[in-house]
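Common to both upcoming complexes is chain A, partnered first by chain B, then by chain C.
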Partner chain A sequence: MAINVFSELQPKDLLFLGEAALRTLEISLTAIGIGSVFGAIFGWMMSEGNRIVTFIINAILDIFRSVPLIIQLILFDSFISIAGYPLPAFVSGTIVLSVYTAALVANVARGGVEAVPASLRRASRSLGLSYWQDLRYIVWPVGLRAVFPSWIGVALSVVKDSALVSVIGYVELLKASQILITRTQDTFVILTIAGLFYFALSYPISKASEYIERRWNQ
Partner chain B sequence: MIEIKDLKKSFGELQVLKGIDLTVNNGEVLSVIGSSGSGKSTLLYCINALEPIDSGSILVDSISVHDKATDVNKLRQKIGMVFQQFNMFPHLTAQENVALAPRKVKKMSKKDAMDLAARQLEHVGLGEKVDSYPSALSGGQQQRVAIARALAMEPSYMLFDEATSALDPELVGEVEDTMRMLAKEGMTMILVTHEINFARDVSDRIAFFHQGRMEEINSPDQLINHPASEHTAKFLSNVR
Partner chain C sequence: MDYEFLWRPVFQALPQLLKASLVTIEVSILSMAIGLVIALFLFFARDSNVWFARFFANIWIEIARNTPALFQLFFFKFGLGAIGIIIDSYITVVMALAFNTAGYMAETFRGGFKAIPNSQLNSARSLGMTFVQAQCYVVIPQVLRAVWHPMTNQFIWVMLLTSLGMLVGLRELSGETQFLYSKTFRAFEFFAVTALIYYCIAKLMLLLFRLIAWRLFRGQ
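Let's look at the complex of A and B:
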C-alpha cells in the first residue's frame, strides 16, 4: 500500500486557521494601535512644527512608506539576528508593522490637523482656551471627523498587509494556510477559507466605522 | 480701558501697522473703517494677543498684553471676539458651543455652564436653537451663537471683525441688532466694519485706517460729513 504523504482537510484544520486568524487580528490591532498613536504625534509635529522638523520627519517616514513592507520585515528581522538580539517573530513583526502604520497614519493625521480652519482655532483661543485645550477640544474632534474614513482605510490595509509578517515565520492566517496547503494540496478550498477569514476580520471594522460616521452626521 | 501706544507690526517685510496710538474708554463703541489691507483685522488680533507685535504696547485694564509675564489665556477672557467667518465649532450644538469655554477655561460644572449657555442664547434670541448643530443654522444665527459664546465668558470688551460681511444681505439686520443691543447695555466695543451707516448709528467715534496708519479719528458726524483727510473723503465716496 502506497503511503499518501498528503492528507485530507480535517475539522481541526479549520480550528487551526481560526486561531491563525486571531493571531492576524492580534498583530494587526497592536500595530494599528501603536502606529496610530505615533502617527498622530508625527502628523501633529509635521503640521504644527517648523519647516525643518516637517521636512525631516516627512523624509524619514517616506522611506517606510516607499520600501515594500516585505523587504522591511526581512531586513529588520535579519538585522537584529545578526546584531545578536533575535526577537520572537511576533515582536519584530509588530515593530515593523507599527512603524509602517505610523508612517501612513502620520499623513492622515497631518491632513486632519490641517483640515481645521485657522479661523476656527483663533476663535477657540480667543475664548481663552490654551493651546492644548484647543488641540483636545477643537482640533482633535474636528480633524478626526475629517480624516476618519482615511484612517479606517489605513487600518483595513494593515489587516491585509499583516499577511507579509508570515515571511519572518509568524504563523498568522496566510502562513497557516500555506502550511495546510503543503499538507493537503487543497489550495483552492484553503485559500477561499482564508479569504473569508480576512473578510470576517475587516467587515466589522468597516461596519463600525460606517456606524460612527452616521452618528457624527446625526 | 484699552490703551495702544505706538504699535508697530509686520508680517515679514510688510509693515502692516506703522505706529498706532489709540485709547478706547470703557463703555465706548469705536468703529474702525478703512480699505482692504489697511491693518484693521491685524489691530484686533494684536489686542487679543492672537498676533505678536514688533514694538509699542497695548494695555488692557492696565495689563500689558504682549508682556511675556502676562497669562494670555486669562487676559483673553476679558476680551470677546467675533470674526467674519462664523467659526462655530461644527461638532457641537449651539448650547455646547457656548458652554465649552466656561467649562474648560472657567472650570464651571457642566450643569452651570449649560444653564449659562441657555441664558446667553436666549439673550441673543436663539432660545429655540439650543440643540441645533451649526449645519442646521443660518449664517445670521451662527453669528449670533458666536456672539453668545463670547459673552458667556463675561468679557469687558468685545471685538468684532466684519461680523456681518459674510452674511446674506437679509441676515445682516439681525446680527446688527444684536450688536446694537450690546452697545445699549454699555459694552465696550471695537467694530471693524464696512457698513458706514451702521457705524454712524452705533459708534461714539469712528477711526479711519489707511495703509497701516490711523489717518483720522472723530465723532461719526465729523468723520463722515466733514472728513479732515482726503484719504478718508476718497474712501467714503467710494463705499457710498
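Let's look at the complex of A and C:
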C-alpha cells in the first residue's frame, strides 16, 4: 500500500497565499516608509551639505547599492545572532530592507532637490521665506513632482526585492508558495498563482505612476 | 559577545571564492548580452504592425518588470522542471536574468529611441540604406549613448542578481560561499568577505563601463 504524503491543492491554500501576499505588502510598506524618510533626509543632506558630507554619505550608501541584498540579509542575520540579540525575521528583514530602500531613495531625493532651479529658491528666499519655509513650500512640491515616478519605481522594486527576505525565514509570498509546493508538488500552478499575486500588486501601481507622469508632463 | 571571529578558513578559501567570482562575472556578462539583444527585438516588436508581436512583447515586458527576479528564476528552474523541462542551473540563471534584463532594457530603449528624431531614419533611408543599415549605422549608435548610463546601472543590477544563483544551486560567488559556509559554519566571516568581493566587482565594472564610454563617445 502506497502512502500518499502529498495532498492536493485546496481552496484554503489560496487564502494561505493571500495572507502571505499581505505579509509581503506589510514588510515592504514598512520598509518603504522608514527607508523613504531616511532616504529623503540623506538626499537632502547630500544636495545641501558640503562636499565632504556628500562624499561620506554617498560612499556609505553606495555599499548598500553594490552588495546583493541577499548577502546583506544573511550578513545582518548572522551578525545579530553572533552579537547575541536574535531578532524576529520580520524585524531584521525590515531593518535590512529599510536601509536598502534608504540608499536607493537618497539618490532619488537628491535628484529632486537638485531639480529645483536655483533661481526659484533665491526668489523665494528674497520674498522673505526662511530656509525651512523654502524647503517646505518650494523645494518639496517642485522636487517631488520631478522625482515622483522614480520614487514609485524604487518602491515597486522594494516590493519585488522583499521576496529575498525569505532566505532569513520570513514567510512572505514566495516562501509561502514554496511551502505549498513542498506539500502539494503542484509547482507550476502554485508558482503561477504567486506570480499573479506579485503582478497584481505591482502592475496597477506602475501603470498609475505612468499615467500621473504623463498628466504632469502635459 | 563571546564569539571568536575566525578568518583563517575564509582566507584559505579565498582562491575558491575568487574563482567563483569569475563565474559571477561570466554569468552577468552572458545574461546582459543576451538580454540586450532580446530587448532590441522586444522594442521593435512593440512598434510593429503585427498584433501578435506587439502582444507578445508587451506581455514579456510587463511580466519581467512586475514580478520579482527571484520568482522568475524559480519559475524557470522549478516551474519548468515540474512540467518536465529540466535545465542546468547555470543556464537557468542566465535565462532568468536575460528575461529580466530584456524587459527592463526594452523600456529603456524606448526612451533612447524617442530621443532620436524620425527624420534621421528617413534621411538615412532616402540615402539608400536599408532599414537595418539605417538602424545600425545611424540610429543605434546614438541610442547607445543615450542609454549608456541606465545600461551601466542595469549591468550592475544583473551582476548583483546573479547572487540568486545560490538558491538554485549554482556555484557562483554566493553559491560557493554558502557551500564553504556549510563546511565551516563561519557564516559572518564568509559572507562579509563575499560582500567585499561583490563591492569590488561592482566598482570594477563601473570603471570598465566608464572607460568604454570614454573610448566610444570621445569627441562627441
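The working rule: the second predicted complex is superposed on the first by the 204 of 218 C-alpha atoms of A that agree within 3 Å, B and C clash if a C-alpha of one lies under 4 Å from a C-alpha of the other, contacts with A are read in each partner's own complex, and residues count from 1 in each chain.
Basically, contacts are C-beta pairs under 8 Å (C-beta built on N, C-alpha and C of every residue); 3 or more make two chains touch, one makes a residue touch a chain.
Predicted model only: the values in this text are computed from it and were never measured.
Once the complexes are laid over each other on chain A, chain B and chain C both fit without any clash.
When both complexes are overlaid on chain A, the residue A:A163 reaches chain C alone and has no touch with chain B.
Of the two partner chains placed by superposition, only chain B is touched by A:P117; chain C is not. Once chain A of one complex is fitted onto chain A of the other, the partner contacts of A:R145 are limited to chain B, with no touch recorded for chain C. Once the two complexes are laid over each other on the shared chain, residue contacts for A:Y137 go to chain B alone; chain C is not touched. Contacts of A:L127 after superposition on the shared chain: chain B is touched, whereas chain C is not. For chain A, the partner with contacts to more residues, out of chain B and chain C, is C.
Computed from Cα centres after superposition, the angle at chain A between chain B and chain C reads 100 degrees (steps of 10). In the superposed model, A:W216 makes contact with chain B only, not with chain C. No C-alpha atom of chain B lies closer than 23 Å to one of chain C in the superposed arrangement.
Looking at chain A, you'll find no residue that touches chain B in one structure and chain C in the other.
Across the complex, chain A is touched by residues 1, 3, 62-63, 65-71, 74-75, 78-79, 81-83, 156, 160-161, 163-164, 166-167, 174, 187-188, 191-192, 194-195, 198-199, 202-203 of chain C. Residues 63, 66-72, 74-75, 78-79, 82-84, 156, 160-164, 167, 174, 178, 181, 185-188, 191-192, 194-195, 198-199, 202-203, 206 of chain A touch chain C in their complex.
Residue ranges of chain B in contact with chain A, taken from their complex: 45, 48, 50, 73-74, 76-77, 79-81, 83-85, 87, 89-91, 100-101, 104-105, 133, 146, 149-150, 153. Only residues 117, 119-120, 122-130, 133, 137-138, 141-142, 145, 216, 218 of chain A touch chain B when the two sit together in their complex.
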